[in-house]
Amino acid sequence: MSDFCLEGENVHLWRGDHHVLRGVRFQVRGGECLQLTGANGAGKTTLLRTACGLAYPEGGEITWCGESIRKDMQAFHAQLAYLGHEPPLKAELSARENLEYWVGVRRLLADEELEHALQRVGAQQWADRPVRTLSAGQKRRAALAGLTLMRVPLWLLDEPTTNLDAEGQRLVGALIAEHLQAGGLALAAVHHELAMTAGQGLQRLELTVA
Amino acid sequence: MKAFLDMGGYAAYVWPSYALTLTVMVLNIVGARRLLKRSRKDALRRLMIGGTES
Amino acid sequence: MAWTWFHRLASPPHIYRIAGRLTPWLGWPAAVLIGGGLIGGLVLAPPDYQQGDGFRIIYVHAPSAWMSLMVYTTMAVAAAIGLIWRMKVAHAVAASCAPIGASFTFAALVTGSLWGAPMWGTYWQWDPRLTSELILLFLYLGYMGLRSAFDDVQRADRVSAVLAVVGVVNVPIIHYSVVWWNSLHQAPSVMRLGAPTMPPSMLVPLLMMLLGFTLFFGALLLVRLRGEVLSRERSASWIREALHP
Amino acid sequence: MRDSGTMGTALRPAFAAGGMGGSAVPALAAARLVLARDLKLAFRKRSQLVQPLAFFAIVTTLFPLGVSPELPVLRPMAAGVVWAAALLSSLLALELLFRDDAQDGTLEQYALSGRSLTWLLAAKTAAHWLLTGVPLALMAPLAGLALGAPGAAVPGIVASVAVGTVALSLIGSIGAALTLGIRRSGALLSLLTLPLDIPVLIFGARATELAIGGQAYGVPVQLLAALAVLGLTLAPLAAAAAVRINLE
């Protein structure tokens, strides 16, 4: 239903003397989610950072919709949302304020939208408390709300279920499934399989330690 | 010869200048050679460990 | 295409081989020129009518000062090339430049102070040339400090390259601001460098020294460059070739 | 079970900033938001705001104690003292310029926002200036008066420090961006930044000196402004390049 497509072709990357990514290949199309699995140090995070253009591969190429992501990096970035290990939230601001600034840098945000997203992750109760007072799981949920608010086709998620309870993990699965159904695509580094209905669009790529 | 060494009374300034500059040059030569030698040794060590990688 | 030629020239094995072969071609002429310049400067050149034999310091001070700026510029240009084209060899050149440049900046500073001492009656004056040279030394030290703060050579290369480029934009600004500052407070420098009024017997040794130092820098750079290129290289095949001929 | 298995029922408009939606934020508006965020954060953590100013006050106090309490002795050095203190205070706050944002991943989000990182960093630097440069410009005359400057010198001191700190913040942003990935970067940051700050020090101290002497200080202030403009065009670019490299 959509022609979005993220592809990695023979990607090589070193960290110092360590050959982390050794000719990695992948292809994710609209409606698909690629789970990256592998032991610690296998390069899951590195591959995510390479896919979004933060890290520069020494060999191979990443393409978005058939064009190298290096061609117009800014336009490519406008189409992706990256969620790293730590939710990018300021401890001194409330969850709501954090989302206003974080998402606001990218797009105009209507109040109802923000309200809806906060509700979706179950944040109504604590949306106005300083992030400093929130639990790790609540922070993660706030970050997920930010993710849905970006309204971008490409999600890059690094361990999206960390610190989440069983219900939170199902929430991640549901959000991704919804995203895929709308034609989006996702690349997720995971330790445990995502809690998603098997079948539509779920793929796996196993990375190994050098 | 003595007049030459005396440098018209400026010996205390001229000779240290030349000595220092030449020392800097010699140290540079030694430093550069040592760097090359160490890099060679490191590269060989990596060859031993890395085996046939790429 | 011109570009493939450019990249093959800049490929590490090629550079390693060429640099090794070229070193003596720069090193020996440098030695001859510097030796000739020394004799010309210390023996053949007549004493200056004002500064007597004290002016002979020019034959080591001026080339050192020239090196300090020339090496910094080389470093910045190499760093910019490395940043723009992601060329490892260019970064290796920049890395090789810093310690050479810093050491000659130090030499220029000390010889300048020794030159000024009999004229001023003190070893240190806030003379604009010396002050600029001192700041340049700080720039070198900052560059080397930044480089050594990173474990990853790749990152050290790129971060310090940004600093080198920023620094080279600033060098003229710093120089002119220091001259401007100095003109408000004291008389101009006693160090006249490369004055066009010099008689040939004084000028020729100076030119020999300048050229000799430049070639010497080239030779040093090539030796260091080989080391830096080796330490950046991961592909084993050519290292094996290069080290076991 | 509220959250799971409800796919499709939620409102999900098409992707907004994906090149088809028109609601993407222009660079300037995004930069303004970054500026507002930094200001709000600073006022939530007031102690960090006050520290550079207290530092400035202490440094200027050291000179009468260390040199002489007599104003005729202090007056000739007042300009230099004020500027050296301003330089060091501005430097003190620099280490924090990008540190927090780098640690919590905000900088990464900026780099991946699809907005110009140069603009966003320029906005952060503007916030740094508003939070340290402006208060310093307001405090500098007090220090000047305490060191024997006449009351008529106040406008000149404020003008020179206000303009000079713009350049200091910009130059400093490069240093802060370069040392982003280094733990305990304080000393290195000073070593990188201070030599580049020297022209600002020279022109700034000269303008202040002229103001204290009751003379026209227009020329050095114009030179300071020229440095600030040059910094404005180049520093955010260099800082953005350095941040990208450190995020790599």
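For reference, chains read A, B, C and D in written order, and residue numbers begin at 1 within each chain.
Quick note on the criterion: a residue touches a chain if its C-beta (ideal position, glycine included) is under 8 Å from a C-beta of that chain, and two chains touch if they have at least 3 such contacts.
Every value quoted in this text rests on a predicted model; they were computed, and no experiment measured them.
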Chain pair whose interface holds the most contacting C-beta pairs: A-D
Most distant chain from chain D, judged by the mean position of its C-alpha atoms: B
Distance from the mean Cα position of chain D to that of chain B, given in whole angstrom: 42
Distance between chain centroids, defined by C-alpha means - chain A, chain B (Å): 53
Chain A-chain C separation of Cα centroids, rounded to whole Å: 48
For chain A paired with chain D, centre-to-centre distance based on mean C-alpha positions, whole Å: 33
Of all residues in chain C, the ones touching two or more other chains: 234
Numbers and ranges of chain A residues touching at least 2 other chains: 17, 19, 56
Shared-contact residues (touching 2 or more other chains) in chain D: 248
Chain A - residues contacting chain D, complex: 52-56, 74-80, 82, 84-93, 97, 101-102, 104-108, 116, 120-122, 150-153, 167, 170-171, 173-174, 177-178, 181-184, 195
Chain B to chain C touching residues, read off their complex: 4, 7-10, 13-14, 16-18, 20-21, 24-25, 27-29, 31-33, 35-40, 42-44, 46-47, 50, 52-54
Of all residues in chain D, those that touch chain A in their complex: 1-8, 10-19, 21, 23-25, 30, 33-34, 36-37, 40-41, 44-45, 100, 104-106, 108-116, 120, 247-248
Residue numbers on chain D that touch chain C, as the complex places them: 174, 178-179, 181-182, 185, 188, 191-192, 194-196, 198-199, 202-203, 206, 223, 227, 230, 234, 238, 241-242, 245-246, 248
Complex contacts: residues of chain C adjacent to chain D: 83, 135, 138-139, 141-142, 145-146, 149-150, 155, 158-159, 162-163, 165-167, 169-170, 173-174, 177-178, 180-181, 184
